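Shared chain: chain A. Partners: chain B in the first complex, chain C in the second.
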Partner chain A sequence: MSEIRTLTIDGEMISAPAGATVLDAAREHGIRIPTLCHLDGLSDTGACRLCLVEIEGNNRLQPACVTRVEEQMVVRSSSPRIEKYRRMILELLFAEGNHVCAVCVVNGHCDLQDLAYDVGMDHVRFDYLHPQREVDSSHDRFVLDHNRCILCARCVRVCDEIEGAQTLDIAGRGVASWIVSDLEERWGEARSCTSCGKCLLVCPTGSLFEKGLRHADSSRKADFLRYMVNVTRRQK
Partner chain B sequence: MTIEDLYQIGALYREQLASFRAEIQICGSGTCRSAGAAEIQRAFESVCEEEGIRPEIRIVTTGCMGLCGQGPLLRVLPGDVTYTRITAGDAERIIREHVINGKPLKERMLPEDYPFFTRQTPVVLEHMGRIDPESIEDYIAHGGYEALAKAVTYQSPEHIILEIRNAGLRGRGGGGYPTGLKWDIVRRGTSQQKYVVCNADEGDPGAFMDRAMLEGNPHAILEGMAVAGYAVGATQGFVYVRGEYPLAVDRMKRAITEAERKQLLGNRIFDSGFSFRVDLRMGAGAFVSGEETALLHSIEGKRGQPNPRPPYPSQVGLWGKPTVVNNVETFANVAPIIHRGARWFQGIGTKRSTGTKVFALAGRVRDTGLIEVPMGTTLREVIFDIGGGITDGGSFKAVQTGGPSGGCIPEKHLDIPVDYESLAQAGSIMGSGGMIVMDDSSCMVDVAAYFMEFCQSESCGKCIPCRVGTVQLSRLLDRIRRGVASEQDIETLEELCVMVKDTSLCGLGQAAPNPVISALHFFRPEFERHYRDHVCEAGVCPVHSTEAAGDAAGIESGGAHV
Partner chain C sequence: MSTRKRFATIWLGGCTGCHMSFLDMDEKLLELPALADIVYSPLMDVKTFPREVDICLVEGAVNTESDLRMLRSVRESSVSLVSFGDCAVAGNITAMRNTGGKKAALQSGFGSMGEALAVGDDNPLPQLLAQASPLHQYVAVDYFLPGCPPSAELIWYVINELLHDRQPVLDREKLRYG
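So, the complex of A and B:
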């Protein structure tokens, strides 16, 4: 088996296999680090910045999801600075899109909402940008509501890495970035989509959902992914 | 091709050059080109025809001669006489009086001791504006490819890396990372396949150093890349140029073809075991594509978005292989170092920042253009001695260095030396070399807002602090510009600056707040004048007029106006 590294996270001595991420190591030992773009089974991109941690000897905050454990590493997963930034990141997200939880299909089952509760985000001090975004309901069974999309790219990755369809991608730049299907066609016209529904299962917000779904039915969670990944690995 | 062949080509070409009675060099780069360099060249050609001396005169279009603000420039050899603001109509007099009668036009020529030129130390720009960028022979005649020959025929890769390390060369793309160390990491990488990438994306607003070098002396960059390839064990290089630089792309393409034809690129260079090919890749011109991991994605044909580092490209680069990514100017420094040695290079500049730096000097100075000075030259020397001071008798207010990642430096810091550490200490950075001089007609709030607007629209959108944080920062700055910001807004602005800086994924977001932070640091009263008194002293911002401000004073905070 692989080598073992010993490190400290939040004052706790822990060990983890070489090559593991700080996030893996922390979770293995019951230390909670909030994440949004990370999902077990998908590749990591370090985009949401919620998992930032302090590493002794390094002025820069580092994303736990892509930082590998090192011998003698001293990690802090929470500090006033980190807490503050996490709250601000969520505030920025709520101000960016149009998140009206009361009328959202996943109200009560939303990762974004949960995180906001967790970090104690009780108000948004930034301007709401109120973007004009569309709802793409051209697909037979699914809906993509751009108003609630936080561009975590989980759907893009699951479609590419697990389903292998590569239907979804991100186009545009900056705040004008958006999720597109195939060559920027409407989803209903995207011929590569297998309608597998995996993207719906990994979306952390109410951006992707099934037509006719009431929010009471929406307790979908991404656990299936681990199952899928294990099945795929076993087949190989 | 052997070294002897190379010398022969050079000697032959120099003989050809010497056979001309006179040489007329016309700047065909950037500003001069758009001011009609091509037409000027035709005028000179036809006057020479008329005078029956056409075959005796060499007329050549060169790269940027430096003093762009007084372009189009023209130089006459022998004598090295430079004329400024040339028009096609000047051809007759210059040919008749100067070239034929040997009497330069006193009133039109630039004084020989013009400080813009005499105070510079050209190393990477040595041949710029003097050689024909479309002729490999001209480059060879000026010592070109001798460093490569020397490297591959009798120096070991380890030796070259040591030489670059000893020279103290640091990356000119902005970060200032030691080039020799970077090469060494790639060299020690165990992969069979390695790559060398030239970052010629140059997205900084106002900067044109890299474009000028690609247009004016493309072989110098190729030679530097080939030496790097030899030193690290790479057989393939890429030049990544932004598509908005069509002339640079053309010149580079041509240079690659010519170098291949002469077997200075390709298989078994100088009959050594070293083979190296270079391909050109065009970028779509997004600022973030200059960030090295985004640039590599773009070369691989993917979306130009950054990745978290580590791993660095020197460990995991193009298609997962160890890759050297260096800036244009960095590569242009390589041949001179191999040629003249580390000790010579160390002798220029300061202890920790050796060599020279090229800047694009712009803004409210008398002489704008492309300059090269030893590291450690003070900002005052650059602006007042080389740049000739502020235009129209105005007074200096600030100099912005480092583009959208840099900051504004006020009068009281004008005597700091230009080197990586000093600029950082003054709250700015070296960056790639844009330098914008400002006088009282500039408003620092407006400048900060401009750069934030730039970063906001150039953000790739991958990470949240940069994608959304820059938009919020822009909005806050705009409120200040309009005179409707509150104290609370200023607090939020400062807090958000630090947050975006500390949490963004790549250098774009990490540096985006810099212009704001430095403007707030040095010019805070100016911000206060905007949001407290509703006055923009420079008269640039759309704040409430002074009278309206009187009325507004009754309503305790500007926020009430939104």
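So, the complex of A and C:
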């Protein structure tokens, strides 16, 4: 029997199994916390910091997706301080890459855009970096456009944890980090890639897409993961 | 003394698409002169930007030295300056040249002549700035109206609010990039 923890989120008393994350507990009770790198069915890495929450007694904001519930914990999922940081994080993501929505394959179906609309981001206050980044179209069917990549590592995790191919990984440090295939080969030369296309389905931005895709067909189907995970669990 | 608002629009480094969307306001275009005097616009035959403008929509990024001069004088003369469209708000298409640098941009546009165009002081063409930038990099911007182009409905919403001394608010329902 699993142990139960009792905590408060946004003034509401809730209980959650020990080991659950604050994000799980909140969602279970219909409290929405925005996320970007988290995806149901994949492990959590706390990469994007969008799910920041306030926890009483702790001065630093904590990412809800990797913070475990504790007995008597008091959590706030929104406050002026949280909103301020969320918007700042989103602005930095836009400033760091080259997001030209007008010419992006997922314009209108993009998680990053959606979150920016949610926080009312009508402009970015930071200087755009305009980094020089590549578009890798060496794969037969898929394209990796580094200009739109926010390094959420969803593709890396789905490739490893669900497909088991471990083709994709992150190389480099800080702003110079980028997604690589196999040993920094062109994607088309990465022999471990099974061309399953799962990475395309989980990418929250327009970085990964299918060749010849029309903009109108670009809606994402990341929900497939939940389905797959459920089926596998049942088989076990 | 008339208290009618003085309204203007202008384009800098843009494609004119935002102004085309402005024209798409259809019958609202007829309502506009009832609410304000249109004192300057590329769609009109006025040569110099006037003083004492209440609301000015600025399309396009700041791309050349002449854009920058123009923007500064618009800022001086206008009470409310609106960044009109993604190029003005974020650099957008106009700023795509920034990743490769100015030289490469001139070369891709003008071939071997690009180099000469980049340096010539006596050159009649407006000189490209090192980077194309959003308006708020250079001047204070009062309102941001993203979209490439913003929809005619959204443009009208913003204009109409401002003409009635209300603050336009672009929330989740109204915000669109691209």
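Convention: the second predicted complex is superposed on the first by the 236 of 236 C-alpha atoms of A that agree within 3 Å, B and C clash if a C-alpha of one lies under 4 Å from a C-alpha of the other, contacts with A are read in each partner's own complex, and residues count from 1 in each chain.
Convention: contacts are C-beta pairs under 8 Å (C-beta built on N, C-alpha and C of every residue); 3 or more make two chains touch, one makes a residue touch a chain.
Quantities reported herein were computed from a predicted structural model and do not represent experimental measurements.
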item	value
Of chain B and chain C, the chain that contacts the larger number of chain A residues	B
Which superposed partner A:Pro63 touches (first chain B, second chain C, both, neither)	first
First, second, both or neither for A:Gly108, with chain B first and chain C second	second
First, second, both or neither for A:Cys48, with chain B first and chain C second	first
First, second, both or neither for A:Asn98, with chain B first and chain C second	second
Contacts of A:Arg191 with chain B and chain C, given as first, second, both or neither	neither
First (chain B), second (chain C), both or neither touched by A:Tyr85	first
Contacts of A:Asp118 with chain B and chain C, given as first, second, both or neither	second
Partner chain(s) touched by A:Asp127 [first = chain B, second = chain C, both, neither]	both
Chain A positions touched by chain B in one structure and by chain C in the second	125, 127
Residues on chain A engaged by chain C in the complex (per definition of touch)	94, 98, 100-104, 107-108, 113, 116-118, 120-125, 127-128, 130-133
Of chain C, residues touching chain A in the complex	83, 86, 89-93, 95-96, 98-100, 131, 133-134, 136-137, 141, 144-146, 148, 170-172, 175-178
Residue ranges of chain B touching chain A (in the complex, touch as defined)	286, 303, 307-308, 456-465, 467-472, 475, 492, 495-496, 499, 502-505
Contact footprint of chain B on chain A as seen in their complex	45-49, 52, 60-61, 63, 66, 81, 84-85, 88-89, 92-93, 95-96, 125-127, 129, 150-151, 169-170, 172-177
